[in-house]
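Chain nomenclature is as follows: A, B and C, assigned in order of appearance, with residue numbering initiated at 1 for each chain independently.
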Amino acid sequence: MADKNGTTILLLSGDFDKVFAAFSLASAAASAGMDTTIFFTFWGLKAIQKGNLTGSGFMGRMIGLLNRGGLGRLNPSKFSFGGMGRWMFKKMMAAKGAAGLPELRQACIDLGVRFLACKMSMDVMEIKRDDLIPEVDDVVGAATAMKFAAASAVQYFI
Amino acid sequence: MADKNGTTILLLSGDFDKVFAAFSLASAAASAGMDTTIFFTFWGLKAIQKGNLTGSGFMGRMIGLLNRGGLGRLNPSKFSFGGMGRWMFKKMMAAKGAAGLPELRQACIDLGVRFLACKMSMDVMEIKRDDLIPEVDDVVGAATAMKFAAASAVQYFI
Amino acid sequence: MADKNGTTILLLSGDFDKVFAAFSLASAAASAGMDTTIFFTFWGLKAIQKGNLTGSGFMGRMIGLLNRGGLGRLNPSKFSFGGMGRWMFKKMMAAKGAAGLPELRQACIDLGVRFLACKMSMDVMEIKRDDLIPEVDDVVGAATAMKFAAASAVQYFI
């Protein structure tokens, strides 16, 4: 076996802080020359949606309603306070010159991080390929995610 | 050192979506021929309980009360709405032909995934071996979980 | 490549149960002779603060207010009930002779676990080096955390 040099991140969370961590780690790994993959599943899909996550059926619309937003409207895992926590974080991060989520995601894209979307989550939540940003490389299942993970030196579930 | 080919998942969460992810990844890993282990700790124990998690003492009953359910009554990490989120997820998953938690857990068992339960969590939460499904292979401590992890190619904390 | 024998834990959570898991796993790894590192980021910084996490600016004070406590006042990820969940857990753990968070953290320190604090989180949350316990080895960025992770046999994101 050749030495493994990749990183695979499974992103289930759609919380601001966790998505932030995922993109930070992925861009750090890719910057260091590691072959890097993020597999977006469940709420993590919010990080690669174009706008709202809204399925065509009743259930999908319902989830979309609860979930409305886009990358700019994710709440932190603590202290969301109806958006107040997000506002505070953004404010503080801007004040400190930290990159925002859209910039971090773009950095990942520019550094060649592979974006994989979970097929089953998309089916269940009634999200179509067209609802996701075009930079998503592929729509795959858990077996493919595990294959990337097994070939990687570093794996994270976030 | 021989090439590592295993997967070890530490499951601390009892949320529907995270338990679902753990069983999905474990069954995918085992299907791919990897030696696969799940270590159930804290709320993760709910995924291998027979019925309710109720300790014999006052504290244990109290936790059991808060925690009542079983595999069929886990709520998602977001939008639980007193069970509404769970109902929606189940509805959507059934509509899409996705396996439910009991089916996924059974698939893990059938594929030979090793189920380990955290001794300390069981002590603290007053859960007895007999409260867990018989398919649990062993009750062990964190040191044993780390040993399995260190011998694995892939590790996740969920 | 020499065989990897380390463990790197990225701790983003400040929840009682997850901090507990991080320190338990780290001390188990270090006890087994593994070179062990914890990278504390976002809420995870609460686990290595001296007292309250309070920044000097308005935003920092606000986060500090929401976040007040210290290692002895972390709430579990479920059932916090304004501190009730924490109280119950402590009560049950003491009754069962399980170590508390301060003891577990001290065990990590005594076993030589490397404590790294996330520079960007500290900047954003207005936390100074002096607000952290002196046992913190260094304040570093995500790139350094990834370097430790890539050199480790086991990685967890908690």
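In the analysis below, a residue touches a chain if its C-beta (ideal position, glycine included) is under 8 Å from a C-beta of that chain, and two chains touch if they have at least 3 such contacts.
Note that the coordinates shown come from a computational prediction; the quantities given were computed from them, not determined experimentally.
**Q** Could you classify the chain B-chain C contact as same or different, where same means more than half of all interface residue numbers appear on both copies?
**A** Different-residue interface.
**Q** Note the rotational component of the Cα superposition from chain A to chain B, reported as an angle of 0 to 180 degrees in steps of 5.
**A** 120
**Q** Averaging only over C-alpha atoms, locate the centres of chain B and chain C and give their separation in whole Å.
**A** Chain centroid spacing, chain B to chain C, equals 24 Å.
**Q** What parts of chain A, by residue number, touch at least two of the other chains?
**A** 155-157, in rising order.
**Q** Could you list, by residue number, the parts of chain B that touch chain A in their complex?
**A** 3, 5, 7, 17-18, 21, 24-25, 27-29, 31-32, 34, 77-79, 88-89, 91-93, 95-96, 98, 153-158
**Q** Show me the residue ranges of chain B that touch chain C in the complex, using the header's touch definition.
**A** 1, 10, 12-14, 41-43, 59-60, 62-63, 66, 120, 123-126, 141-143, 145-147, 149-150, 152, 155-157
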